[in-house]
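Structure first, then comments.
By letter and in written order, the chains are A, B, C and D; residue numbering begins at 1 in each of them.
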């Protein structure tokens, strides 16, 4: 509970009726209820923390008219870029949609086939957190006096201009974790943490793919990074794709 | 660096010239530069996470005209309550200044000898975080339509009234940690974490007393709770006072 | 109030309305009793405002840890699956709508859902704690209270005379005499103790009550 | 620009201005070179916007870890004392004024400190990343840039023609020809390469320069 996804979860061996079990059997099942028109958070920064298996399952599932939120806009022809390449994404919200291998997005953008909202990276992170934290708006000095503040409310605090920014929520978050348990507690590995924790806070339904599922209680309580309350579904993906290698090898999905 | 406290730190054995060493030799040295009129954060909630040794050192140091920020207003005649009892505190900012043993504060308050700002607990936490995060103001639904919102700007978002709240910064934070290293990385034990991490973010000079000082690198990077950048001084206090027992035993400080 | 349920029974009644797997915050005082009545074979995850999820029962005296306490500053335990976080994260959970239900005490509840539970006006030290955050943030705000004050004054009223904790926030009130929903039309009695005529329940209430068509007797073991 | 320093030398020069124990964020591209010139016996803590403090040098090829990368998406290492945190915390460090210095690249710097480094106008995909947060948040914003563009156009100007990253944010500009502070009176040359007459430096600059009374020759090993 905490949030409801409308997905009946496959019960793991460990749990019984009346017990919480957020573990689902497959990535396909995890993304089953994502709907046309949904806004979807996708964690990751560079090659770290991309929930590639969940994104590929979303491609297979066929939902369209999506709004995606990620720091970047995909590389090569796998993961996020492959999802963009299906033509089913209406809008991309990100901070840095440019890279040497951001071919798919750039083509769509220049062809006028995708909408882009460029958000400064810190503002993107803070807007997502605000949505998860019940904050209806906040004032940041970032972007004041620049074209990215155009049309936004400007307010001076202590002699310095600030921009009013609004929360950014999503219907679904797809994130990559390192370990998880059946309650939905998560840990992340190194720089794969990036947007995962705040995206789980701010989505109606947060779905984590994880390298390992541990028995309840095996994640020390002080080391939990995303507490169970922010997570709705957990699916094991023990050998996530290396997008970096896939791109180097010229792989494409599907 | 990161922040400067104007305190020359005693160098531990481990470090050399040119190396970072935030370890100071005693609580007395740690609080030496706190000045009359300073605003001081004090971590803790109930009996968990109180930096009692630092607070007692501050009593010995003699600074006056302080504004203190804590969730509560002290119990018995030790720690925060003992500091209030010196008469050197001008104002208390807290969420819950009432308890069966909050004698010192209640007497001062009813005698008109201390100013009180009551802040809803979540707003208190978020204002402190905002100060540390460079957010100049935020809108929260908490307290809208209640006496605690009087005089504040109210704004409607999506049909719901919100209150504009401003950041709450401090000159000094006194917090209790479990482990620390010479760079200033901190971990906390169980519910002693409470306000520590956000207070370290929002003070010009953050001082942590810690049960153990570990060699640099012994705190796994993914388990650091307060990263070094938020901490200025670390002092070992291996056997912190149990305020609970002290109060039961009728102890007083000094 | 010998006509009604004991506090233990009211706590039992509230426990029956907790959904499997839900995240619940129990306020300080009477609401803490609710934790005692949850069937062992069901998992409810308790949140404590001071940075804890997965709060377990009171420890044996020899297991008390001063650094593991609840919002009421009492020693607790941590269940497997529990997690620790700081205050800003804890109140993000509350204010951000992640808590499925909270159970709060009350001085007064108005028929429009206004809640007053933190201050009785100018006397005393004004202490609010996390009540205002819970009132606006929890998905369901449940109130556990005696139907009347010790002096016999109604706590369910047309308009609160005490300072508000939150306007229009209460979903359901559980008293020793009745279970009452706050609806756009005012107080709707869904359950009431059978030995008290509806007219008498109305007499002890400071606002108009409507009896639900499908009302049930309020009973508890 | 054979008159001036190489990029390696400019990076060396910037490294000399990094204070012991300071927290530094190096922008993508040229600024990354600065890390190569820090004396081994000094500790500077590098911050990477993607949630890392204590960034160490590039790993050996066999030690590359795809989940340990910097803002430029290149593999890095983590020094003892390093820490990992999420994006909202990382940008709290930046926006909250906790970073002592950042080194950024630039398209243009105006004499009032305006910085333009993210967009060359309507063509191309508008990508900003963390530049605007760094520009307003770091205590000192240092710019590392060639003094002129490849076409020989000045990058230090009276007013930026490109879209701003931040208004009035730059403290010091390090170019192949000079070290220039932004002051309330405009560009103040603190150091310049000796083989170039001041008049020639002025000719290559799009705004008025003042030579500091205590200026030094700009040299680097």
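Assume a residue touches a chain if its C-beta (ideal position, glycine included) is under 8 Å from a C-beta of that chain, and two chains touch if they have at least 3 such contacts.
Treat the numbers as computed from the prediction; the structure is a model and nothing was measured.
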item: Chains touching both chain B and chain C, listed by label; value: A
item: Averaged-CA centre spacing for the pair chain C and chain A, given as whole angstrom; value: 35
item: Approximate Å spacing (C-alpha centroids) for the pair chain C, chain D; value: 56
item: In chain D, residues with contacts to at least two other chains; value: 78, 84-85, 88, 91, 94-95, 136-137
item: Chain B, residues touching no fewer than two other chains; value: 126, 129, 133-135, 140-141, 188-190, 193, 221-222, 225
item: Listing of all chain pairs that touch each other, if any do; value: A-B, A-C, A-D, B-C, B-D
item: Residue numbers on chain B that touch chain C, as the complex places them; value: 45-49, 71, 95-99, 102, 105-106, 109, 116, 118-126, 128-129, 140-148, 188-198, 225, 242, 244
item: Residue ranges of chain C touching chain B (in the complex, touch as defined); value: 48-52, 65-69, 73, 78, 84-88, 90-91, 94-95, 119, 124-133, 136-137, 163-167
item: Chain A to chain C touching residues, read off their complex; value: 1-3, 16-20, 129, 131-135, 181-183, 185, 201-202, 216-217, 221-222, 224, 227-230
item: Contact footprint of chain A on chain C as seen in their complex; value: 19-23, 39, 41-43, 45, 47, 53-54, 78-85, 88-89, 91-100, 136-137
item: Residues of chain A defined as touching chain B within the complex; value: 126, 130, 133-141, 155, 157-158, 160, 162, 166, 187-190, 193, 221-223, 225
